[in-house]
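Heads up, there are several structures right after this.
Two complexes follow with chain A in common, the first pairing it with chain B and the second with chain C.
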Partner chain A sequence: MVKISLVVTKRYKKSVSTSTPAILSLSLLLGLVISYVLIWFFTKLDPASFFSTFYSTLASYAGLLEPLLFLSLLGTAISVAFYGSFWNVGAEGQYVLGMLGAIYLVMFSPASSMLLGSDGTTAGVAKLLAVALGGFLGSLWSLLPGVLKAYTKIGEVPVMLLMNYIAYSISDYLTAGPWKGRYTYGYIRTDLIPESSKLTVIPGFEILRYEVVAAVAIVFIGAYLLIERTWLGLEIKVLGSNPVALRSSGRDEKKTIVLVSAISGFIAGLAGALRLLGYDYRLAYNIGDGKTGFYGYTAILVAWLSFRDLKLVLPSALIVSALSSFGYRMQMSLKGLLPPGVSAFAFSQIFIGVTLAVYTVIRITKEYSVKLVVAR
Partner chain B sequence: MSMFFPPGRLILRVVGLTKRFPGVLALDRVSLELYSSEIHSILGENGSGKSTLAKIIAGIYTPDEGYIEILGKSVKLLNPIDAVSYGIYYIPQTPNLIERLTVVENVLMVMRSYGVFARTSSIRDLVVEEFRRIGSPVDPEARVSELSYTQRQVVELVRASLLRVRVLLVDEVTTYLPTSIRERFYGYLRKMKSEGRTVLLITHKVSEAVDVADRVTVLRSGRVVRTLERAEFDVDYVRRLMFGEDYSASELLKNALSSISITENRRAVVKLDRVWTASENGGPVLKDVELSVKPGEVLGIVGISGSGQRELAEVLVGLRPVKSGRYYVDGLDVTNRGPEVIRAAGVGFISEAPLYYNLSGDLSLVENLALAIRGRLFLPLKLLTSKTRELIEKYGIAAASPKTPVKVLSGGNVMRFAIARELEFAKKVLVVLNPSRSLDERFVSSFTSAIRKLSQSSNLSVIYISESLDEVLRVSDSIAVISGGRIVGTFTRESVEREVLEKLMVM
Partner chain C sequence: MVKFRAVYALVVAAAVVAGLVGFFAGSTQVARPGPPVTVTVVRTVTTPIPISIPEKVRAAWIYVGPIGDLGWSYMHDLGRRVVENLFKQWLETTYYESVREAELLSRIDELVRAGYTVIFTTSFDFMDKTYEASLKYPNVLFFHCSGYKRWDNMGTYFADLYQIYYLNGLMAGALTKSGKIGYVAAFTIPEVIRHINAFAIGAREVGEQLGKSVEVYVVEIGAWFAPDKAVDAARYLVDVFGVDVIAFTEDSSAIVEFAQELHRKGKAVYVFGHYAPMYEYGPDAVVSGQLVRWEVIYADILVKIRSGVLNAANLRHVDYWYLLNTGAVELGAHVFENGTVMMVNPKYVPELKNVVVRDKLTGERVSVYDLVMRRYEQMKSAPLLQSLQFSAITHELENTTYVGIGGREKRYLVSTIFDPFVGPLEGWCRYTGDKAFTEYCRKSDRVSIPTGLRLGHADLWNMDWFVSWVKYLGVR
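After this line comes the complex of A and B, so read on.
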């Protein structure tokens, strides 16, 4: 019998010469070059159009802002969880639950008719409550795997992945059933939320909403204060780095797991609520078919790139936004050049894939040495 | 073997090595010569720079100044692979083996000449032969996780031997070994020497250096104090070189004889009532343990390595469940109520492995200090920082700043910090587990006298678990011997002969 083992050992000394921002930029650069080579191999696309598309992606910063804001929010949510080694891959589901909470409050709850009355003076309260309910539901959605991990040691990752699909299903059930709209031109979706409950467009920046920008700032600063300045933040960090030390210091490890899962889910739910009130304005059927933009998943990349360093969440979110929007634009350039049967969408994902692969390889070889051992 | 040189040939020369870490000058123009067929000991207290020196020779660190010559040629060792290619092999205190791989696989890992797709079958015979030659048979197909600490170190020796190593760096390896096994290990080293190799033995134990080495180089604060030939070995003289002129054996004695008062007729603060506990595999590791400690009393618990000491400490701090029996702190039944309740009842913990039990290596000194306290909402960072500075000063911890992550400190300094923190915050009871494993004599001595002082001045009850009988005799009011998970005898300090304890320990 042949047994092949990949032996990964932590290096003695950590290389101090390469800082994380340097690794980020290097990965981006190498990722672009390698992606181009791969694309050229199949399509013979000329370099000028490849790199000019990349340049124009960066130049049209407005298009990057909207994914940047949401990836920052969700990236912060997941990063906070990562500090405590709580691997929140369920932000997508929490994000959807946030949307459900928000639309329920502004369209279907008793509060909606009271608060969103004719004069509009209490619309602000309604929006606030909608966002809070979204956060609360997101928090509940994350709490369940948190409680399971803390009290039964069931790994959070598979539970959360499954719960993402449950969240999609709940949304689809409500959209096609009790919440189905009357003015939808035959589409299966809800009606639009009341005009007064929509978030406020910033004049001159069609893509921005006051409330979203404020939320990003508040969440980011709040998360930073939580992690760096509070007792709970300290406990979360010790949970993530040495849970035995947390226990022997007389802290309740289980409680900390539950709290960090709830906080992370709250932020993700908040992001979903803001998305619904500020951009989507309604729920559509088949939400799992890309209608969330898969931000909850993409944000895992943001958190991974900025691993346990909140300061890097914004730059990482920017890089990931640029890469996805570049991929989207490349789909246009690639049309007609690809061999039959290969989708342009698949190709558009190459950059994200390659860049993150390069990043992961650099990061792993920086801290670990890898060797293959074959036993027979 | 023909590949090695006859005795007395200059193999490796270290010239003017200087190494700075943030805030610390670890090595200051250190020079050293190593010859074939010698065991050369580097002796120094914690933070004297001995591990740094070994790691530079092993290619793990690169020096800021100075160079290394091998057989007269100046070489650049940029990583451990370079060092291995020059025949230098480093055995760290914790064996550098992969637990879930077998012995042969672990050996194969370092054999670069066998290529990336090497097969274990190609070297199995060699490995078996080498174990036989060293005189310590180990099943080559056993997983490393099943081996004892000593066997793991032997696997490291076999790797070194198969790599045709000329210079073997042994860094505090014997610290964890019980005396009898330590002797056997010295035997292996002498064997290596007799084959013409050079052994560099890094230690903070004067007796070890003097017993085993042919020459001893004493390091103090990153500088070479002197290199001594065998004829000049004198324990007291070596100690003075190691710790400076202000130090003498009488100081050790003074601490040992510091007043001992037994506090009679007082209610026990710690009481274990017929406590049983299980190992990870489910078998009993503590059997029917009865202990009681009065306020201000230091109870020493002594036994050979692996007699249930670690498990006892874990029960006392609440990390390990009690299977049957009761555990009381100050009259409160804390049986299986977890570290939350036990720590809140005033029990502190100093362990042999602070980075496992007590501290988070990724976090700063300040944050680790905060971990010992409780609070609401915001951390009082200013207060914590000044308290950390105070501890750094008071306990002589070599750290660049309170914000330094704990993992960049040397092993001895991590231990000092862990001790400092618990001495400041333990209110009623202090559980101490093998503290001297990574500490030098002088610090152990000031630590034990601090414990004695605290026990008397603040009525602190101390349970001092150690493999070192000397240490336990020095610090304790009463002494219990643990063997095979049972307490086999309890004595007051005055009523017991050393020989009796030694006999009980191995019973």
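After this line comes the complex of A and C, so read on.
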């Protein structure tokens, strides 16, 4: 009788001393090579067009900026939570709540008519309030699972996944009901937000908005200072690595969980508000049908790639944006190599998937030794 | 260490201040009236765009959905495949699928950079962003499907199915036992309202004569592609309202498969295929359906570009509105291998031939099958109409049945001799007041089309009212 077992042990002496940036680069490289082999298997695509497409994706950086900014914001939100082992898979819902807050303030609140007159100064105030309200609603949405985790030990992951759908439903309810627009040509959506409440396009970069760039800078630096330079940041880190130590040092573990959930949700809500004011300009029915771009979920990948290292959020967001944009561009190269009517879209998702898989394997083998033991 | 901290703090402080300044600078850069100041105006001199007849044409399509599904995007891509192979000597094509509105401009940027000079965007949602792109790239020709915004280098096009829905309705009126007919609508936008009404008008034209009190129940699902919701709505219509015929606007074969399943269980619910050939998904349940041939429009546009007729300076009035007479739409739910169309499922031909009604145009007694074929021919044949359907300028002439020309002939047939949207018609407004799109519904919540009045292009395009025997059940 042969007994085969897989023995996984944590490496205590970090014998494999590769740094996270090195792992990232290695995953990207291996991911691309493996994806190419997979694609080649189906289409016999020549390597030159594969790698030149990847190069041109990076070269035409403008298309990457918009996902990069939002994935950075949401990635930061989730990363902060990861430091405290608060697994914020609810960023998608918090992002939607942020959109609701922003559109409420600029279209349906009493403040909107007061602030959005012809005067540009108060429009600035309205935008700031809209973003703040978005952040506030996002943090409320994250606070509930945070409080549940802290005080009742109910795991945050299932609660948050459910709450994402509830957020979609609230948005759909408002869009089809009280917020349904007049000038929508019969479609179920809100009207466009007032012109003066839209964020400002940076001349020469149609895809960028001043306010979004500023927000990314502020949020990123703020999160970095919070984690690395404050007591709360230290508590969050200890909560993530050794909650027992936090408790025995007399600190309130529950309070830390609640705070980290609120902060993470605030950033995600902020991102949603900026998205609405800067790009979407309205809500549409069936928001859960890809209208958010699923950025709240994609950002989990960003946070995972930059695991507990905020400095890596930006490069990780860049990698994820580049891979998804690359996937789009590959559709063009694959056209003609696939049977007519077969979607090239499926292939566009290969790169992210494979790169993440490689990354995960490398990380696991770095921290754990895996041995196959065959015994008789 | 202290020094490092100080520098660090300074850098951080500077970044935060810069960020805040940027935020407010951005927020407050809204055009507002200020005191008069001296401004040096740099006037952009618009140089005329050099027009030359292109030797090669590079065209790109941007789809809202995946091309693998049997619906809207699939049929657009079929059109692309036809022209790509037919014009391979001078045409090169590419496409993007499953593109979201928010990323449309990035995709267009990429296509323009890759050298594509003709871009088709095939979703109503793409209208505003396509318009923006047409201003940004004045040398690129844009064609937007289903919208109404045009520019020098941006035209619009649409192939409409309302006549086909009317023909489907005639068959529905003959086949229904209960008189209760269901319709699953993606959205109640004017296009879909027009289709529902045409279907309802056909159904009542036949059903009434057979002593049935025809009612059409509409459920809106709020999505173009949502197989689960579509089936859910269809089941609701069958179970709660007892409908035994279903037509729909949703880009999958889900409802057809649902009806086929009911047939297998011994419950006869008839269904009409939508957009793509769906007969194979429900050979027992599908009676007929609507088919589209975008290639008819794509071929016309591309030939006109290749021959220099259409260019980046003259698209402002180009607005294709192609109906049955052009071949861009077709009656049926199946295309045979040799390219011909099965108009009516052979299984239902005997039944439709057995039901006899009166043709309201001539008073003759004919079978429903013959009535369908008659109406088909009447709407298929209109030799002069296609020219009018090419341009926004001539759309208003499309409901001109005859033009007086004097002489021995006295008058000349311009449009189709039959159209379903001729008064008397009574209806109620889906949208009223300032939410309405037509004058009828801005003024009142009821619509009454006088006898003999034939609705024009604008009435059809903006249709915001249901005929009185349509019951709207809301969003589900």
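The rule we apply is simple: the second predicted complex is superposed on the first by the 351 of 376 C-alpha atoms of A that agree within 3 Å, B and C clash if a C-alpha of one lies under 4 Å from a C-alpha of the other, contacts with A are read in each partner's own complex, and residues count from 1 in each chain.
Here is the rule we go by: a residue touches a chain if its C-beta (ideal position, glycine included) is under 8 Å from a C-beta of that chain, and two chains touch if they have at least 3 such contacts.
Remember, predicted model here, so these are calculated numbers, not experimental data.
Student: Examine A:S241 and indicate which partner it touches, taking first as chain B and second as chain C; both and neither are also allowed.
Tutor: first
Student: Is A:D252 contacted by the first partner chain B, the second partner chain C, both or neither?
Tutor: In the superposition, A:D252 touches chain B alone.
Student: I want to verify the contact counts: of chain B and chain C, which reaches more residues of chain A?
Tutor: C
Student: Can A:L162 be said to touch chain B (first), chain C (second), both, or neither?
Tutor: The answer is neither, since A:L162 touches no partner chain.
Student: Applying the document's definition of touch, where does A:A22 land relative to chain B and chain C: first, second, both, or neither?
Tutor: A:A22 sits against neither chain B nor chain C.
Student: Mind working out whether A:V213 is in touch with chain B, chain C, both or neither, as first, second, both or neither?
Tutor: Touch partner of A:V213: chain C, not chain B.
Student: I'd like to know which partner A:V37 touches here: chain B for first, chain C for second, both or neither.
Tutor: neither
Student: In the complex of these two chains, what residues of chain B are touching chain A?
Tutor: 55, 60-61, 80, 96, 98, 101-102, 104-105, 108-109, 116-121, 317-319, 338-340, 342-344, 349, 355-363, 367, 370-372, 374-379, 381
Student: Across the complex, what residues on chain C touch chain A?
Tutor: Within the complex, chain C contacts chain A at residues 12, 15-16, 18-20, 22-33, 66-68, 74, 77-78, 81, 94-98, 100, 102-103, 105-107, 109-110, 113-114, 124, 136, 187-190, 192-193, 220, 222-223, 226, 430-431, 434-435, 437, 464, 475.
Student: Over in the complex, which chain A residues touch chain B? Could you list them?
Tutor: 5, 7, 9, 12-13, 229-234, 237-238, 241-242, 244-252, 371-376
Student: So in the complex, the part of chain A that touches chain C is made up of which residues?
Tutor: 60, 62-63, 66, 118-121, 123-124, 127-128, 172, 176, 182, 185-188, 196, 199-200, 202, 206-207, 209-211, 213-215, 217-218, 221-222, 225, 279-280, 285-286, 289-291, 293, 325, 328-329, 331-332, 335, 340-345
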